[in-house]
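Take this structure first; my questions come after.
Letters are used for the chains, namely A, B, C and D, taken in the order the chains are written, and counting of residues starts over at 1 for each.
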Amino acid sequence: MSKVLDFLRSLGLTQLESKQPRRYVFEVSADRLREVIAGLIRVNENLYVSAISGVDYVSEGFIEVNYCLWVVDEKLMVILKVRVPRESPKIPTIYDLIPGALNSELEVYDLLGVVLEGNDRLRRGFLVPSEVASQGLFPLRKDFKV
Amino acid sequence: MVSAKIIKYSPWLLHFNTGACNGCDIEVLAALTPYYDPERFGVRLAPNPRHADVMVVTGAVTKKAGERLKRLYDQMPQPKFVVAVGACAISGGIFSGSYSVLSGADKVVPVSMYVPGCPPRPEAILYGIVKLLSKLDGGRDE
Amino acid sequence: MGLKLIGEVLSNLIRKSSTVEYPKQPPLALQEHRGRHYADLTKCIGCSLCALECPTNAITMNPLPRKLKQNPRGIYPIVEYGRCIFCYRCVEVCPVKAYITTNFFEMGSDKLGTSNDLSMSTLQGIE
Amino acid sequence: MSLIEIPVGPQHPALHEPIMLRVRADGERVVDVQVVTGYNHRGAEKLGERNTWSKDIFLYSRVCGICNTVHAQTYTQGVEAIGGIEVPPRAQYLRTLIMELERVHSHILIAAVMAEVVGFDSLFMLMMRDREPVMMLKELITGNRVLSDYYVLGGVRRDIDDVKKDKILKVLERVEERVKYYKKVFQEDFTISRRLRGVGVVKPADAIRSSLVGPTLRGSGVKSDVRADDPYAAYGEIPFNVITYSEGDSLSRMLVRFDETLESIEIIRYVLNHLPQGPITIKTAVRVLPPGEAYSRVEAPRGELFYHIVSRGGDKPYRVKVRTPSFHNIINGVIAYREANIADVPVILTSFDPCISCTERVLIIDEKSGSVKSLRLKDLSKGWLGGS
């Protein structure tokens, strides 16, 4: 059996079902995220951050951030779903644990306004034009009007 | 003002990508390779904007790149012409209406030749440039 | 090594040039190329499906200058070639296959062209 | 000490990748590289939320022109996973065929650009010449040389017949011969191996920790290929090898691409000889999808391409997240530049396979006098160094 999945299940995380093969989706709270990822690297260091994808659920009032990690030798994708309130979206950074998460963290901050606490390289204007950034708007939030 | 006629024997191109998907760029590049060989018309790539006579713009003009497009155009010597290659450079194409796109190149600089297509074939790009040159033969000043 | 080099040089000297001398020679465009397309007004029923499905909103529906039997709404599509991405979605969704497709690509011009004149020419000779 | 800026930015093709490399150098040695982004951000993710499911195929194809079919594949396979749409086997094989043709032309292109960057212009011209027949094949199958627009939800748009099949096989024979020759040139040519061997080494552990993908990762000896690990389209039924080279330098990244090109040609032959009969698309048009989420991965010519698609029912996507391979390779690939020569920066950047137009110009800013000099990246690679 897979070491990574055994570890995640041993933490008592809620597993959500996924229709696609080789995708394992877990719910994690923001304050446990660093602990989970540090543990994952300890169990199997052959994993990389495939993407960090934020979705703004405006009517429910939260932003869901999907940490998609591909485990190279076990050939499976672990997806950690972190939900944070829209008003003050804050998640601790994982950039120091996995250096390859840098670009994805910068992007999530610039486009959705999720603050990755502890990442000192966050800045506006990484991707969005300055006139949008200077108004303090985040383009991928659902209340942003084109 | 120098007559526009003088560049028709050997116009030098400046290729500028204002936010294209690379589709038009590789076709512009392909138009410069042995199969199409534009040096038959004296056309070649200029190493920098101060040597260029014709600017080839590809891609939807993003807000950040729009400023650079204007700056590059101002650096080119007179007489100068702009060719907009591909649907995105002409009108913003599929990206028109996005928050970071200004739409077509003619919003920023005057465009003398539109080459439609997504992307246009290398021959279509050559056709556009040759047509621009033959228009200059009429002696009209820019 | 030296002999091989001489062979290479000689073969390159007698080889035909790979340049296609367009416009003196015909272009390399194949029959399959997605080029300029326009609506055949003798078939179009004015359903506006192409205008709705166009990803770039390059197609607008305009009133016909005269009445046509098969076109009760009296409107026809005009393709703006400056916006069109030649994806042929309109050709595909058309219920009566009214679009005429060509592999014509020499559309470079100092003005933004539309399909209006070509579509109108399909009406010639019809009462 | 002078500060060198490479404005890759205004000219970068794919979605998030428009960048500028800000190189800090001490004499000839590179100390640090920073990445500046945003010139090419066109907001395609936001734009996609306004369009219907089927219109978005055309939008996401235009995220990157060179890898347009893989973008369409990633998007459609995600949507098909949400909607539970079964794609006919013939369509799956045809999709595989067109994706592999795209890999062939993309790899030849980047090898040609690499030849130009190291100053081997005649090789560049020859490779561009031999790439044209592949573009012709793409036009033959799909109707356009670059942007194929070949996909619909649940299938493909055009079928191939025996005449086209024979033509493809005949052209590929010639292409294969030329690719083998160019591979030999890259392996044996003195100039090229001096410029590429041992330049920009990335160790396997670093490559994984920095989230590098595709040929860049495989060039460091990590066996990771989405086609083999996470099969999609018809790859589950096709035998092929995953190419790895263990050196981790620029040359091994290029050789991975050459071997992959040859492997792709074999895949195309297999596909054409085992093409199943049947329809090429499903009968019903897809307009509305049930709620659901899909995490879609595809091996693009440049590496793993990732889409996260969220549907909450209806005829429009709720959110489409696009993560292109170069987004990882360029921004996180900065580890490869440390301790390299300034003249090697363009070579390393090209070996990551960014798109061509990025490698056009370099700005050199002299920090002391504040003067700005502009030159082409090509000239930089020939060893130009302003003032210091």
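We adopt the following convention: a residue touches a chain if its C-beta (ideal position, glycine included) is under 8 Å from a C-beta of that chain, and two chains touch if they have at least 3 such contacts.
Since this is a predicted model, take the numbers as computed values, not measurements.
Going by C-alpha centres, which chain is most central here?
D
Taking each chain's centre as the mean position of its Cα atoms, how many Å separate subunit B from subunit C?
22
In angstrom, rounded to a whole number, how far apart do the mean CA points of subunit A and subunit C lie?
45
Report the inter-chain centroid distance for subunit B and subunit D in whole angstrom, where each centroid is the mean of the CA atoms.
So the centroids are 25 Å from each other.
Show the residues in subunit D shared as contacts by 2 or more other chains, in ascending order.
38, 41, 43, 46-47, 50, 58-59, 62, 129, 144, 147
If a residue has to touch 2 or more other chains to count, which residues of subunit A qualify?
Each of 128-129, 139, 144, 146 in subunit A touches at least two other chains.
Going by the touch rule set out above, which residues of subunit B reach two or more other chains?
If we look for residues of subunit B contacting two or more partner chains, we find 34-35, 62, 64, 93-94, 97-100, 118, 121.
If you go through all the chains, which pairs of them touch?
Pairs satisfying the touch definition: A-B, A-D, B-C, B-D, C-D.
Which residues of subunit C touch subunit D once you look at their complex with the stated criterion?
Residues 18, 28-30, 32-34, 53, 55, 85-89, 92 of subunit C touch subunit D in their complex.
Which stretch or stretches of subunit A touch subunit B in the complex?
Residues 128-132, 139, 144, 146.
Could you pull out which subunit A residues touch subunit D in their complex?
Where subunit A meets subunit D, its residues are 18-20, 22-23, 45-51, 53-56, 66, 68, 70, 72, 75, 77, 79, 98-104, 107, 111, 125-129, 139-140, 144, 146.
Tell me, which parts of subunit B touch subunit C in their complex?
Of all residues in subunit B, those touching subunit C are 34-37, 40, 87, 90-94, 96, 104, 112-118, 120-121, 123-128, 130-132, 135.
Which residues of subunit B touch subunit D once you look at their complex with the stated criterion?
Residues 15-27, 29-30, 33-35, 47-48, 59-60, 62, 64-65, 68, 88, 93-95, 97-101, 118-119, 121 of subunit B touch subunit D in their complex.
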